[in-house]
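Structure provided below as structure tokens; questions to follow.
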Amino acid sequence: MILRVLLLLTLVVLAPLAQASERFIVVQSTTSTENSGLYGWLLPQFTAESGIEVRVVAVGTGQALRNARNGDGDVLIVHARAAEDAFVADGHGVKRHDLMVNDFVIVGPGADPVGLGESPGATAALKRIADTGAKFVSRGDDSGTHKKELALWRAAGLDPTGDGGEWYRESGSGMGATLNIAIGMDAHTLTDRATWVSFGNKGDHAILVEGDPALQNPYGVILVNPEVHPGVRASDGQIFIDWLLSPTGQAAIAAFRVNGQQLFFPSAR
Amino acid sequence: MGDAIAEAFRLIAVGDAALWEIVSLSLRVSLTAVALACLIGLPLGALLAIARFPGRGALIVATNSLMGLPPVLAGLLVYLLLSRAGPLGPLELLYTPTAMIIAQTVLVTPIIVALSRQVIADMHQEYDEQLRSMGITTMGAVLTLLYDARLSLLTVALAGFGRAAAEVGAVMMVGGNINHVTRVMTTTIALETSKGNLAIAVGLGLVLMLIALTVNGALMALRGTQGVARHV
Amino acid sequence: MSDALVTSGRRTLTPARGPDSVLPVAMDGVGYTIDGVTLLDDVSLRIRPGRLTAIMGANGAGKTLCLRLIQGLLQPTVGTLSHASGPVTLTGRRRIATVFQRPVLLRRSVAGNLRHALKTYRVPRAERAAMLTDLLDLAELRALAHRSARVLSSGEQQRLSIVRALAADPDLLLLDEPTANLDPYATRMIETLIRQAEARGVTVVLVTHDVGQARRLADDVVFLNRGRVTEQTPAGSFFDEPQTAEAAAYLAGRLLL
């Protein structure tokens, strides 16, 4: 009796899953673009024009690149220039295109107790954090933002991961989780502006450092190489990339607003 | 917390389509996984309880330990299996609900095996001599015990459902939390948390609890109508 | 053929079954030892078709152990146990049914227990429904068919256990103290049931401490004393002139140590 109920249940539940899917592609993406709501704005426009559904897997840039190296995904949208170039050079991607930029900011307690606001730039601000031992939370997850943060520390001539300072913490999580931790600990952290602006749990935290050219955050888009990964839906993926880089796609990116603020700036050439 | 409760009520009251989509996918995935895990796990558990064969002890220790299998690890194993670079890549199952069902089945089956083995072993102690005197086959004994232990086994299935419905690591990894395709309650909670929308996240958590309550209640009711409870 | 029609002083028993019957069952020099303790020693006995054998003896004498051996649940450590139909097989085991001292009823209804037994005993599907009503009537449990077996009174449970064993349509029925906890009326009902079983051609082995019951029902008596058979005689002579001091003491309600 129970067995029969279970069998029936299995059939009922599995039946809808057996439906064949229409045209779709899988995009491996960094989280900032998804969490800011950009895809919720862009993708319906693309799907309406092309009839192609876009399924976004939003993970850290590092994991997105690793998944794509396994051929899991058709298009890659990330922000870690060096890793992107290596991905293409290793044959996993067809070509990297500039897609858009936004910028990173350093956020911290709104009262700015260590006076980051007065520092002339990002590296100077990081030096000041290290010197005063003010708390800092790092992504620590090999994401694009994490890679950027490590590059900034290097530029400042510091290696906080090595000296094991009490003030430097690695969350090992995504941007949102890291922001939650930083706010809970009253600590500083590096975040992309898009995630910050659309973040719902800001507490007393505010942007303390911004506008330094070193904080530029360029996003690239890459078609996963169908010659290396035969399952890749290359033609539909290319249609998506072409659309993103077209005047229509670029205009759509520029038109995206959160709280009236533009978060991404088109950069296709 | 007040915000969260208000949010939970708003979500339910509005009955918003997005919420319904997520809830129904959660239920579909977790219930299917539990059903499959029972189909595999109950006979296995019963067999482990009554059959004597070399390696049985090791198998029991193994399933008991696998109850603690971290969801992320189960997810990773299934990911490696279903990835285009993996052995089952050509099936194109990664980032589909089917992949999530597989991962949760992997996660839940050890629970079903280990707990049902214990339940059946206790009952077998009592039934063994009677059944053997009737010249029953091993298969017959398995079916008899599974049927007579149905009340306790329902609780075992519920424990499995609890684990499936509550886990996020495995479905996140093999499902990808794709909007409208593989987004379930737990991955939505994780996503909303990462967006800093804590009230929505907790609200969804409350809805999840409500669903667990409903599923438990429904099974209790089923139990009642079957008159199972009367047979002590 | 001499076994086929047996006459006792009180009644005529039905003929034994066909050539594939497990009866007679013979134990020859059977011993059973566990953990170095010998529980049964050099037990030899015959169970003949159509004759009700009562096994008697003090608590711990080894009566239940004997039934387990006959049912095939245990293997003799030494000696041989054989069925008329040949060596003990699984199908052969289904020709023998036991009602244990503490019968285990399944967590199902009365009818559910019987249905399970009919299925387990490989009764053809088409015959099951008719046999079910027949067995329910035999046990006078028809009104309780849908009640949970585990909430029945001891007497009802005992009756159910007996007809469940009869679902096997066995050659041999082993009853281990079936009336130990029952009132006189319930005891009568069980005894009637035993007679009805015999009328259907079932041979019964009955373990009992109830001397009156053994006098009423038994054709042969096997007396066990601390794992050994001290007497195997027709019932009349056992009760009137027990051959051994142990049996005499047991019947007199004394215990010889």
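Note that the chains are named A, B and C in the order they appear, and that numbering of residues resets to 1 at the start of each chain.
To be clear about the criterion, a residue touches a chain if its C-beta (ideal position, glycine included) is under 8 Å from a C-beta of that chain, and two chains touch if they have at least 3 such contacts.
Note that the structure is predicted; figures quoted are calculated from it, not measured.
Under the contact definition, chain B and chain C share no contacting chain.
Each chain's centre was taken as the mean of its CA atoms, and the one lying most distant from chain A is C.
Contact analysis places A-B first among chain pairs (by count of C-beta pairs in contact). Chain B has the C-alpha centroid lying closest to the overall centroid of all protein C-alpha atoms shown. Once the centre of each chain is set as its mean CA position, chain B and chain C turn out to be 47 Å apart. For the pair chain A and chain B, the distance between mean C-alpha positions equals 32 Å. Spacing of chain A relative to chain C, judged by their CA centroids, is 79 angstrom. Along chain B, residues 147 each make contact with two or more other chains.
Touching of two or more other chains is recorded for no residue of chain C.
Per the touch definition, chain B reaches chain A in the complex via residues 28, 31-32, 35-36, 38-39, 83-86, 89-90, 92, 94-98, 101, 146-147, 150, 153-154, 176-179, 181, 191, 193-198, 226.
Taken in their complex, chain C has these residues touching chain B: 71, 73, 90-91, 93-94, 97-98, 100, 103-104, 106-109, 112, 116-117, 120-121, 148-151, 168.
Contact residues of chain B toward chain C in the complex are 126-127, 129-136, 140, 144, 147-148, 151, 230-232. Of all residues in chain A, those touching chain B in their complex are 1-3, 6-7, 9-10, 13-14, 16-17, 26, 31, 35, 39-40, 55-59, 67, 69-72, 173-177, 179-180, 198-202, 229, 231-232.
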